[in-house]
Amino acid sequence: MTVLKVFSKPKLKNAILIEGLPGVGNIGRVAAGYLVEELGAKKFAELHSKWFFPFVMLHDNHRIHLLKNEFYYVKAKKKGHRDLVILVGDCQSLSPQGHYEVAEKILDFAEKMGVKEIITIGGITTGELESNSKKVIGAVTDEKDLKKYKKLKIDFDASEKVGYIVGAVGLLLGLWKQRNKDGLCLLGQTTGLPIVTDPKAAENVLNVLTKILDIKVDMKKLDKKVREMEHFIKKIESLQKRALMEITSGSEQGGKKAEEQTRYIG
Amino acid sequence: MTVLKVFSKPKLKNAILIEGLPGVGNIGRVAAGYLVEELGAKKFAELHSKWFFPFVMLHDNHRIHLLKNEFYYVKAKKKGHRDLVILVGDCQSLSPQGHYEVAEKILDFAEKMGVKEIITIGGITTGELESNSKKVIGAVTDEKDLKKYKKLKIDFDASEKVGYIVGAVGLLLGLWKQRNKDGLCLLGQTTGLPIVTDPKAAENVLNVLTKILDIKVDMKKLDKKVREMEHFIKKIESLQKRALMEITSGSEQGGKKAEEQTRYIG
Amino acid sequence: MTVLKVFSKPKLKNAILIEGLPGVGNIGRVAAGYLVEELGAKKFAELHSKWFFPFVMLHDNHRIHLLKNEFYYVKAKKKGHRDLVILVGDCQSLSPQGHYEVAEKILDFAEKMGVKEIITIGGITTGELESNSKKVIGAVTDEKDLKKYKKLKIDFDASEKVGYIVGAVGLLLGLWKQRNKDGLCLLGQTTGLPIVTDPKAAENVLNVLTKILDIKVDMKKLDKKVREMEHFIKKIESLQKRALMEITSGSEQGGKKAEEQTRYIG
Amino acid sequence: MTVLKVFSKPKLKNAILIEGLPGVGNIGRVAAGYLVEELGAKKFAELHSKWFFPFVMLHDNHRIHLLKNEFYYVKAKKKGHRDLVILVGDCQSLSPQGHYEVAEKILDFAEKMGVKEIITIGGITTGELESNSKKVIGAVTDEKDLKKYKKLKIDFDASEKVGYIVGAVGLLLGLWKQRNKDGLCLLGQTTGLPIVTDPKAAENVLNVLTKILDIKVDMKKLDKKVREMEHFIKKIESLQKRALMEITSGSEQGGKKAEEQTRYIG
């Protein structure tokens, strides 16, 4: 039961999928969400799944909605641009098999919609409190792709130290490679707690991403946008706390911190 | 393996489903259970599922039964009334995917039985010990429904602060909305521990609900009823403690408290 | 993937299934295992499942085998006797849905083999260290069955206090009742830790059970048998410790105790 | 969703499958990986599964890949040799049912490829710091096989004390036996933490294994090879730490230690 609800079927050609689901520092979520706003992307499909939290979210105007992932698109506006599909959402899956099943569903749909390449956006905690040197770390499905990104400020050498990438950011790329297709992953370095939204790291990733896509996006509004999204972000952080609590159950620290802020509803 | 056992097929028209499964403060369970009694509702179906606890309950007269959810109905008795389906039960699902699968099964059956609208009842812990001001908080599937409930003492503005709703109370509504259908959720505020039954909060919700349904229910018997149900409620609280233990595994507090009262049988 | 391997198909008539899988105090396992030995019951089928631990056991003679449940039978030898099917095994399921799925598989097979009634055997911890008064507590699927067991020393009134029964002991009975069939559950009271085998409690249950079945079994060998089974029992206790650890994860006590004795193999 | 990707179909006859997936001391992984290198075995298939961690690994050259198990083969080079299939990989399954499902998939494929016998390699922690006496402990599917291994330094008597074998090492053998086929399990004793790679124990197992297979392998390069694999091994140890954390959730020690080294990515 992973259900796709398709509202319209835009004709896309040679499209790139940008993934930005909630994760470390919510870097992907903020970056992709900002792109949706700035580019005026149109929502054309959404997905919900039994692998998500058994929660509904409460919106403005007292309305509820299921946790979901959403697909937006923007058609190329000039030469050199590519059609874009942007994937944002409220959450990722709770369990390993859910991660795999939802990722496959997303990729099946992306292929059908004409997506040829994907770029996933995530974060990575450095564990230290370095103030300025927030890098963007990259990884690719195929070595040949490295040339394309040579001139950009992406640190491809750090990926060796990273070791592995958890969740949709990594899995979408890994399963996409399995289909003999190309992709790139951009990880923004963040210094704080994994569940605290880091708009600066998101901006760093956006700076790289817009160069890849050859588009211009006004970064000035990013901070303002993040403040506007604050309430929504708080909810997502809260969901991630619960997810983290499940993942680190058994570790007192994670569990305790998350628990302190748990309220019971239902 | 979520199995529906249907005893009879009442002909219902334009019916409302009232859901009251065990949850925070057992507010839904108590409120819906009281309606079943006061309205003389008739049981017509029950559901059990592999997603429930692998337990059987022991009843009066030394009999055992599987954990189950039960469907009751009352036909409209006069103009302005609606046919009602009331869903009560011993428990909710243990795992996320179970919540989704059981909720879909319930909604499939409700649709087939002629249900057009649903009202789910739950609770919310305030986290503070405010003595008197126990509100009923509401949320809807669609903004247009707000007008209907305008004159009733439902706090629709608090829902924003609530953020999300866990379990059947939220999920039934969210999945129902996905079917383009309308519904309402009523959350009774409760001040104590999430697993301690709060009849007063249930009464607050019932006061609102009976006005919506335009029916009269004698609240005087509620306390008495709750006392009569005490043994049954203890078992449900015990089940919830175990569920909470699973959910908050990793958090010492939840785990420990629950564990102290665990006895081993089987 | 719950697989039945059937070695032979004995013709059974109006048979009773006796279930004794590992559980609290291993009372069912010891009682049913002793019946198998004393009555010379023949093995005719076994079951393994993906819901069991992902372990194999090591036997005498350095051989390994999958964790399994085993079906034995004894044909009635004189008038008044009933054909018996005895279910013993290494373990129960690890997860809730596994419990339900394996129980349904067992009952499907039992029905096909001509079983009309089931008696499940388990244990219950009293939580206190009472020395002598180890009762046998009973519960039934239908009140009418109480008459049959009236004259036996079964405490049917305590079941109300017990509240619910976990695992195969309860679930087999609950799902059997759902098929409109009759059954009885016998719980031996045990005073110690839930995972320590209690042969005395098993004997108490056997005393009641042999009267129900109208058979004679020499209890003198029980202690000796348990000593012979000691090594096997240790392994089962070890499995149960791990299961308990999973169930009570989040509770320090359960977790810690189990962990102290965990060795890593694989 | 356990997917086999088959690159070529070598014609194998009467082949032996050698399994060496990550596990205690990574003994199987190191031993089987070393055989792949020394014998110049060719990769012909790989497997990924939703039962694995929802991770991708980062390789040299900044490339990502899905977690996977890999099948290699070597054809017999002279009389007395057997065709070999060698199974190595990044990880085992995370959940019990995953272990069973992946193991069945592996065995189905092995049978189809002409495998007649399997040898699984694992480790066992002794719990004590004995310096020299690292034994190789064995277990078989059938007693008759013991004769074959009589003259080799395999301790078949210790298996009784071991009690049970966790994961692929045991389960592949148990499910293979269920298919009425023969196999052997070799467990290298290791003295340290279960997740620290022990090349010495791997060498002990290789000494026995090469005698069984009647092949010669130069052990001198083993240490060098392990150093070369160091980075890869660190990642596998890291995965195992997370797995162990899940398995021992509830036990402070396991949880805490693992948590200290957890970084958040995604």
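Every chain is named by a letter (A, B, C and D) in the order it is written, and numbering of its residues begins at 1.
Just so we're on the same page, contacts are C-beta pairs under 8 Å (C-beta built on N, C-alpha and C of every residue); 3 or more make two chains touch, one makes a residue touch a chain.
These numbers come from a predicted model, not from an experiment.
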Task: Rotation angle superposing subunit B onto its copy subunit C by C-alpha atoms, nearest 5 degrees - done: 90
Task: Chain copies touching (subunit A, subunit D) - same or different residues, decided at half shared - done: different
Open item on the list: Rounded to a whole Å, what is the gap between the Cα centroids of subunit A and subunit D?
Closed with: 35
Open item on the list: Report the inter-centroid distance (CA atoms only) between subunit A and subunit C in whole Å.
Closed with: 50
Task: Touching two or more other chains - residue numbers and ranges from subunit C - done: 248-252, 254-255
TODO: Using the touch rule from the top, collect the residues of subunit B that touch subunit A in their complex.
DONE: 23-24, 93, 96-97, 99-101, 104, 122-125, 127, 138-143, 146, 156-157, 159-160, 162-171, 173-175, 177-178, 185, 187, 194, 248-254
- [ ] Sort out for me which residues of subunit D touch subunit A in the complex.
- [x] 1, 3, 5, 48-58, 60-66, 94-95, 98, 231, 234-235, 238-239, 245-246, 248-252, 254-256, 258-259, 262-266
